[in-house]
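Lettered A, B and C in written order, each chain numbered from 1.
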Amino acid sequence: MKEVRIHGRGGQGSVTAAELLAIAAFEDGKYSQAFPFFGVERRGAPVTAFTRLSDKKIRLRSQIYEPDYVIVQDATLITAVDVTAGLKPGGIVIVNSEKSADNVGIDQRIDTRTIDATGIALEIIGRPIVNTTLLGAFAGATGEISIESINKSVLARFPGKVGELNVQAAEKAYALMSAPREPQKHVKQRIRAKRESKVQPEGEKIIKGVIGRPGTSEATKTGDWRVFYPEFDMEQCIRCGKCLENCPDAAIREHVLHGKKAEEAKRRAEELEKTGKIKKAAAKKAHIQYQLNPEYCKGCGICANECPIKGIQMKLEEK
Amino acid sequence: MMQIMEGSHAVALAVKVARPNVVAAYPITPQTHIVEDISQLIADGDLAAEYVKVESEHSAMSVCIGASATGARTYTATTSQGLALMHEVLFNAAGMRLPIVMTVANRALSAPLNIWNDHQDSISERDSGWIQVYAEDNTEASDMTVQAYKIAEDNRTSIPMMVCMDGYTLTHTYEPIDVLEQDLVDSFLPPYQPIDVLDVDDPKSFGMFADPNYYTEFRFQNHKALEDAETVMTEVSAEFGEIFGRDYGGLIETYRCDDAEYVAVALGSVVGTLKDTVDDLRAQGERVGAIKVRSYRPFPVAEIQSALTGVEAVGVLDRNVSLGFEGALFTDIKASLYGSKSTPNMYGFIAGLGGRDVTKRTFMKMFKKMQTSKAVEESEFSDLKPELLEEV
Amino acid sequence: MENRGETRPLDLFSSGHRACAGCGPALTIQAILRATGAKVFVVSATGCMEVVSSQYPQSAWNVPWIHSLFENSAAVASGIEVALKVLGRSDDGKVVVIAGDGGTVDIGMQAISGMFERGHDICYICYDNEAYMNTGNQRSGSTPYDASTTTSPAGAKSFGNDRPKKDMPAIAAAHGIPYVATTSVGYPKDLTTKVQKGISVDGPAYLQIHAPCNIGWGFDSAKTIEIARLAVETGLWAMYEIVDGKLTNVMKVSKSKPVEEYLKQQRRFAHLFKMPGGEAQIKIIQDKASANVDRLRVIAEEESR
C-alpha cells in the first residue's frame, strides 16, 4: 500500500486532487481510498487530504501519519505546517514552486521535487488552479499511476474545454517530472522524518465553558493565504479611505506622519502637483499614509477594485 | 414552618427564596402550576425576578443561557415534550458550564400522547451533562431546588441541574411542607458570583467551537466536574441539614438494608410506596430493604456497590424503558455491580409508564420474583395487560 | 489587543479571522462594529461568521460575544437583555444579534418572532448572503428566484430556486417593532447610519444587510462591493426603513440598470444565459426588479412631496 498526503489551502482543490488520484488508481486496476480532514476551513486556510493506493482492499480508516508521498500545493505551507511529518524513508515530496528543490525550505536530505504548477496552470488553464497539474507531476515523479488514468479521471470530473485544458496542464507537468533529472546532492534515502506535526494545540490550559480571549485570532497570520497582493500608489492616492473601509480583514492601516516626515512628504507632493503629476486632493493629504499589513491581507482585491483612481494594483505574490 | 400546600406551590416558594434574577418558561402540563405560581409571586412583588414569557421551551433554555452567561441566577421548569424540545439546548448549557436550575415535572413522552407521569423524559436526557436528582416527596423537591443552586454554582461543578419531581403524583398533590424561610436560605445560599461573565469592560468570547485538538478535553472536563459533583452534593446536603434539620445524606438513601437479602431500587415518588411495602414485608419476617437513588447523574456507583454487596437479589423498578433493551436504571445498577465479590441475582421491572399506578402490589410482586426466580438476570414489563395485546 | 498608534480606531473584529478572501459578511461585521463601537454584547448564530471567528482558542471578537446554537440567538439575546436589566447593567451596552439568513429567516424565525413580540431592547442584524454558505451553498428561504444552489441546482428540468426571497423585513415590521431597515455592504455610509439607528431605538430593531458571498455566488473576490451595489442599482435589492410601521427613506434608483448586469457576473445565475428558456426567466426577474423599483419610487416621491 502507498499513502499520499496532500497539503493545500482551501479553494486549491486538495480534496478534489485526492479524489481524482483515487479514481485514477481505480482506473489502473487498484484499490484506492480518498478522504479529506474535514475542518471548517475557508478559502486560503491550510487543508489536508489523503489518498491510499493498494493492490488489496483497503480497510484502514485513520488519517495518514507516515506517507510515502507528500504533495504540497502551496509552498507557503512549508513554514506554516510540518509538511514532511512522518514521511517514510525514501519518500518523495512534490512541491508547487518555481524554486529548486534545495531552496524550497524542505530538509535537503529529503527527496524533494519542485514544479512550477502555478506557472503551468496560469499559462495553460488561465487560472492558478494547480491540483490537476500536480497530479500529472505526481504520476511523472512516482510512477505509481499512469498519466492516461489521471487524464481520464480529470476529464470525467471536468467535462469539455475545462477538462481538456486541465489535461494539457497535467501532461506538461508529467513530461517535466518524468524527464531525467540531476539528483539532489544531499538526499539520504534512509532519513525518517519526525512524526510530530506543527499543528498541535497550543500549550495553554483550556478554560471551562469554552471561553476565549478577545482578539486572539490575530495569532493566525492569514497573509500567507494570498496569491496576489495589492500595491499602493501613495503618490496618486487621494486618501478617500475606500480601501480601508472595504478590507474584510482590517489589513490596511492609516498612519499619520508628524513633524519633519510630514513636512518632507508635503514638500514632495507639492512639487509633484506643480508639475501636474498628481491631483491636488492627493497632495493635500500627503502626510497620511496607507499601509498594507501583509500578515493578514488575503489578497482578495476589493481595495484595488474599489479604488476610485485605480491607484492599487494586484501583483502576483512571489512564493 | 410546616404548611399544607400543593407540590407545585412548594416548588414556586422554594424558587422564590432562592432569589433567581431571570425566569424563562413555557407552559406545559403538568408543570403549569409551578410557573403560574411564580408569575403570581412576581406580579405581587414577592419575587424580584424578570419572567420571560418565551414562545417555546427551546427558547426558555436559550434565554437562561444568555441570562446566566451575563451573570444572572436563572430558573426554568418543563416536562416531557418540552424537555425533549430543549434537548440540544441542554447539552449546550452544560458544555458552556452555566449553572441553570430547572424543575422537571416528570411525564411520559409521545406517541401516544400522554400527560401522566413516568420518567422517560428526564432519563432520555441522561447524557446531556446535567445533574439529575429525583425527589421522593414535595419537601424534598422544595429542599433540592434551593440546594440545586448551591451545587450548580459551586466552582468545582459549574454544571446545570435538574430537580425531577413526578408530574401529578407530586406536582398536583397537597401535603404538609416544611416551607423554607428566606433569612435561613440567605445564610445558606450566597448570591451568584460567576468568574466569567459577558462584560463590555472584559470582553470574553463564550461558546467558541473546538476542533478535534480540543473537544475531548472539554468533554472530559465536563465529565470530571459531574463526577466531582458527588462530593459537592454531599457537602451541600450536610450544610443544608445543619441549617434546616434535613440532611439527605449521600446520593442514595438506603432503607432497612442492613441485613436485607432482597433489595428493591427505585427513583422518585414511588420510593415512599416501596418503603411502606418493605415495612409490611419486614413485619412478616422477610429480610427486605429499599434503595432510593437520589442522583441519577452523577451516578453513585460506589455507594450502590457498598449497599448491595452481599445481598441475594436486587430488583430495579424503571418508569422508563430503553426500547429494544431494558429499563435504564436497571442497566446502570447492573453495571455498578460488575465484578463485585458476590454478584446478586438481578431483576428489572418496567412499570408505571404513562401514569399507570405503581402500588404496593407492584413491589410485592417484585420481591416475590426476587425470592423465587431461578433466573440469574431478567427484565420484564411487570404491569403489562397481555389481554390488550394481539397474539403475534 | 493594543491599538498600535494608528489613527484608525481599534478593530472590534480582529484580523486573523478565517473568512474567505473578499468575504462580504466579514466586511459587514467590520462595518457593524465600527458603527456600534465597543459597548455592545454580540450574539452570533451558528454560521459562517461564527465559525470563522471563534475556533478555540482564537477569537476575532473584541466585544463580549456569545454563540450558543443555530436557531436560538434571538432567545439568548433576550436572556442577556433581561439579565442586564434585572442586574441594573442596562447602560453597559446594547445587545446585538448577528446572524446569517438561514439562522434568521428559516430556522431562527420562531425565536426571533418571540423576541420581537416581547419587545426586547435588541438590535437583530441579519447578514444576508442568500443561502446556507457555512455548509456549502444550500438554498435558504432568502435565496433569490432562479439562483442555482447545491440544493436548488439548475438542470434540464430546473432553473434553480423556484421561489422568491422571503420578505423578512415585512415579517419583522408586522410585529409592530419600532425600527426595520434594509441596507447593503456596498453602501457603508447607509449601513453605518442604519446600524446606529438600530442600536439607539428603544425596543426591537431588525436590520437585513445584503452581503455577497463570492464563493457561493460565484464571482471574483475583488467584486464583492461591486456586486452588492449592482444588486441595488438593478432594483433586486431595495434599501429602505420601516419606522414605527411606516415605509420611509427609500433609496431612489434613478436609472436602474438591467438585471443582466447583475446576473451575468455570477455563476449562480450562469445557467440563465445558456439554457433554453433562460431569457424568459431573466424577463421574469427583470419584471420583478422593475416592479420593485417602481413601487419604491412612488413611495419615495410621495415622501419628498
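The rule we apply is simple: a residue touches a chain if its C-beta (ideal position, glycine included) is under 8 Å from a C-beta of that chain, and two chains touch if they have at least 3 such contacts.
The shown structure was predicted, so the numbers you read here are calculated from the model rather than taken from an experiment.
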Q: Using mean Cα positions, find the chain sitting nearest the overall protein centre.
A: C
Q.
If I average the CA coordinates per chain, which chain comes out farthest from subunit C?
A. B
Q. Between subunit A and subunit B, what is the separation of their C-alpha centroids in Å?
A. 54
Q | Centre distance in Å when subunit B and subunit C are each reduced to the mean of their C-alpha atoms | A | 43
Q | Distance from subunit C to subunit A - Cα centre to Cα centre, in angstrom | A | 31
Q. Taking each residue of subunit C in turn, which ones touch at least two of the other chains?
A. 51, 54-57, 59, 61-63
Q) Which subunit A residues reach two or more other chains? A) 40, 206-207, 210, 212-214
Q.
At least two partner chains per residue is the criterion; list those residues in subunit B.
A. 96, 203-211, 214
Q. For the complex, which residues does subunit A have touching subunit C?
A. 10-11, 40-45, 202, 204, 206-207, 210, 212-222, 225-226, 244-251, 253-256, 293, 295-296, 298-302, 304-306, 314
**Q.** subunit C to subunit A touching residues, read off their complex
**A.** 1, 6-8, 11, 13-24, 26-27, 30-31, 48, 51-63, 188, 214-215, 220-226
(Q) Touching residues of subunit A toward subunit B in the complex: what are they? (A) 39-40, 199-201, 206-214
Q | Residues of subunit C that touch subunit B when the two form their complex | A | 38-41, 43, 50-51, 54-57, 59, 61-69, 71-72, 74-87, 89, 92-93, 110-111, 113-114, 117-118
Q. Can you name the residues of subunit B that touch subunit A in the complex?
A. 95-98, 158, 196, 203-211, 213-214, 217-218, 221-222, 225
